[in-house]
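Below is the structure I would like to discuss, written out as structure tokens.
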């Protein structure tokens, strides 16, 4: 699908512009043309990018292949930017996916290309239709609007992950479910993945805010710095959340370890208490003390009384000894 | 709440200045105007910041949103600074919170903005009312006073955490409470959080001490360097404390591990000593030696004496064997 | 084996050029000569490199010794480049080997040298025979073609490793085979080795894309930047895969640990339940209760009923106690 | 206590100079005045530093507060340097303390300030009294002497720690004492603390050796580079020692782990051998085989012989099975 | 011992030159004088270095003290270089020692100083006597020869360590000897030590290859770059070997852990199978079932048959239950 939009001052905003009119509009320095290739097959996108916009074949290849890390390439008359949209899924296991968004920014046009629909981009498109403010300040302003929507869209995901962390933190302290550990690990992985998404885009915005591009008005750099600060903040949040997850893991492991120590101590206490007195019952169960054997003093009532006393006192003594060694 | 204060040389220090007079005072290059927005709702703060002080909308947005990491933005005629106050709570679990403080520094004014009351800022305000020394050297001097109070306020928290570490260190060696491990982890987390607070502010002060700002007198930079050194020192203290906490964790784990090893050894010693002799009692308890069975030599007094000797000597032998293998 | 190829505009592409003609062809600035030493013994390669091409003896040594990390050495009239081909083997244990490829790039020639056959290089050779496009733009374009083929050849290996990781991830969750851990470790090692191969080559391409070489046309640098971006992407993929492997290891260890905890708990539960009641059976097995001993109340039917009740109830009570402590 | 010393070429070295004469001596460009505040209370030191020497109040504050990390501050006419003396204590637990030494270096004076007596400084003072060589080359030479003595004084401590490491390494292999682990941890901590002391001073010396200070003769920088090399060497020694301590910890843990494995194996072997044959004795102890019960074949001599054979052979078989699985 | 050698073009190579002739030869710009202090006592070396060669006292001190990390100091008319020879010992435990080599390189001389004999240096000396090629290109070429021999001498050690790693890798998989773990740790330590030796020398060679020294001909820098590449390669090999050792450690730990898990499972299986049926034998061993007690139904043949059935079936049931939980 190709969504197109053309803003010319004092004219009606046009949409659904036929491809053959692109070239004419590009010649108008007053116009602002936004072409959005939304899941458009490469066969139909490629000739437009190469033929009409005359982008370098390597840049077009990069845009069509969808396998690039965020970056800015300055091609002089236009700038090629790769960004990532983030998609967070909570259904059966947490996971974080990325969608690549390729942007070509020129003096009087923006071309965006993506294989899958990107919600914040659609929002930006709708906003432009409703409100001329976004298109009337030139393509770099429109770019700011698009990136800002894209980055702002990360926030609910960060909050959803934060909720997950809160839940895990509670579970760990109260009652660790069998899958708690797995969820901690998956949160760790997601936060790592998120950092991988945020860090290079932060660098892209840093470049847009600092470097000198022919197609970016120096006065508008301050807007990109604003998004940059946003991403710095998200990066910091990410670091803090990773600390929390690490803390949860530490707590989980210490809880499990404590419980296992309890188990081992109980095993030892039970064994230590019953093994000696069981031996004594075995002792008096031997056939030496059969009536005919004549060792009747060993089975007298006094001996029984002593044995009973040992059965009662020995466990108590052992328990106290273990208590003193701070086991119980 | 808006606290305002205006110092004009050779005049009385004015407070509670009506908003409509701000614009007039700003035109007086001799005046020093300090406006403090203390938990003031955005609706009433925003028009003053944008309308009267004419700050850039992005800077005003940053100030009102309260979600930024410490930074300095140079806007030419004014400087926008974000700092963090630190709040340490010992009640039910240790925790460290931050409060954002936004500062606009101009040629003849300071504007501070914060959502929650910040104690060191209130102290600075009171000091200014009492003593003209703080206001008579211009806004950059007043800024120094404010930041110095803010940073000095960290010190008692660092000391409180240091006390907590001392207590944990003692506990670990003498008698580990069940929550010791948890407290070690929470100290670790707090120190990490503190480092996150101190490090970016150190960079902010470094910038104020080194970079060239229109609104900061180069001769006053040395004061910011002094605070910078302070923060460097706090950062070092933080690192040392983190070493101590790591040391406590190591000690704790080795104590727990030693105890568990003791427990396991005891289990093994008890089992090793009693299992063989219990087998012997079982052996002589078998019905082969019933009176009628005719195997009476197995239950003779001699056999009993031998069995008794084994019951006494076998445990001793096994104990000595284990001793030689350095288990007991 | 020496493979040679010479392209001269408007002439037939020549192959199998006799060594003695090299010098003459090198004098033709229109020609593009590609000599590929494929496993050629040093004795015959060395005189050509030193005598005809007049490369510096140190560069020739480097090329013949095959023990260098990827690098670019600028020798003015020619550039010496070392790259690595990657070979991935799945047969009996995973392993990753490298083959060194030495390249000399001049104004009108390329010399490649390698000890073992390198498949992507052979493909590039075949492509040049079929299609003049690769040779008609000069040696730096041909170099781009060669390196591009070499790097593109990494991709199937990365995918094969990715498959292995998927398989390991499934195994870990469903049923850990005895060699799962070993395979996780070998994947870890391979990914580490791959990073060691990719990182220095990325730097080589970065240099080719940015630095000023006499023999590289500045307009062609953009092609090397394209390969550079490719390698950056591969480096990122490598990092992500290493995260996945680390995650698998974490999961594996937690699964094994959980199982071991289960084992220990079972041991403790069984011991805790049976030791006390076994003691009681031992108690009543003592010879004090022989018919003649007169302690007949201890063996009355009531006592037996009580004992039976204990045998049934004690395990239930202990089990419930352990349940409450969340062991079972 | 204030120690003062004044060297004027061709004059007697003066000591115990009254405070009121300082100002006059400072005006003599030929003189070299060394004032050492050794534990002098701030009340008496502050007016001299501020009033007579006219140091900046912030620098004086830094000097009096004794809470700074090593640094050099260039104040133009003088340089303010903070260094640390190191004190190593072996009595009850190893520990490492630092003493701050503040130095002001001017064109014709050195002012040192410290709260506690510092031995190497006293040695330098005594040396100056004995030998004019140290004072006759100007204050930067005297500074070199002082820092050199301070740093040389670290060496015996490094050697003492090295001895401790040797002792621990032996203990770990031969017979780990209960406090070995604790001593390993404390060595680790001390080496970390030492690195914290050495690293910033190395940077201070690096600055003195490279930067351009008004009060340091460029020809004398080579001396500071010499101390810098010394500190680099100490830093390297520190890293090596930390490796040794890590190695000791690894060895300790592996020794302890091996022993615990031995303990567990013994437990399992004993249990595995005795449980089955104990069951058999229990079997034949059942009252089914009472004389009256008529199951006399179960208690015949043949059955007894078989039982005896099992008692002997079963443990052997099990032991061999465990041996084959490489447990014993 | 002092070894001396003097090359003058078109003259015989002189050796064993008397000390008093040094000064005269140094004045001849055509000469190349190499003085090697091989274990020469400081008393006799010091006057030559200070008096005849007029090296700076600090440089001479550095050379005589033998405690420096590799470095290059540019003293203008000469360069002072510290390098390390490496000695690897396999006898009783692996270990790696270093020998310091101090080099002074001037316009027409090289002075080397070392306390212990260094084999590659002796080789270089012998080579110079045999072949004028090494001395005829000036002192920087001779320096290249010396350093190249020194660094080439590392290679057999790296290979010896590689062999050790291979052996350990095999042991770990087949049959871990009791000292395997210790050998893994010592390999780890040696590789760490080797890296400490190689890294600073790599930096020294980097400086020689890049920086501008008065006594090094810019055209000869390429030779030092060659050695630099060599050291880079060794550094890479070292990293790879450290990966292998880490891999061995991982494997060892997983093998040991697996075995311990097996041991624990066996313990649990044996206990779980025999404890319940032992309880039953104890049950029927109680004196309630004495002939006189009248509870004869409990000891009837049917009861016996049931008991026998339980003795056989219960272990089978429990074993299958454990099998299903994937323990056995």
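Details
Should a chain be cited, it is by its letter among A, B, C, D and E, assigned in written order, with residues numbered from 1 in that chain.
In this section, a contact is a pair of C-beta atoms (placed from the backbone, for glycine too) under 8 Å apart; a residue touches a chain by one contact, two chains touch by 3 or more.
Keep in mind that this is a model prediction, so the values were computed, not measured.
Between subunit A and subunit C, the least number of touching-chain steps is 1. Listing every chain that touches subunit B and subunit C alike gives A. In this assembly, the C-alpha centroid of subunit B lies 25 Å from the C-alpha centroid of subunit D.
Mean C-alpha position of subunit A lies 40 Å from that of subunit D. In subunit B, the residues touching two or more other chains are 264, 267, 271, 275, 278, 282, 285-287, 290-291.
The touch graph of the protein chains shown is a ring with every node of degree two. With the ring opened at subunit A and read toward subunit C, the chains come in the order A, C, E, D, B. Only residues 222-223, 225-226, 229, 232-233, 236, 239-240, 243-244, 247, 250-251, 254, 257-258, 261, 264-265, 267-268, 271-272, 275-276, 278-279, 282-283, 285-288, 290-293, 295, 325-327 of subunit C touch subunit A when the two sit together in their complex. Chain contact summary for the complex, subunit A toward subunit C: residues 56, 58, 61-62, 67-69, 71, 73, 175, 178, 181-182, 185, 188-189, 192-193, 196, 256, 259-260, 262-264, 266-267, 270-271, 274-275, 277-278, 281-282, 284-287, 289-291, 299, 301, 303-304, 307, 311.
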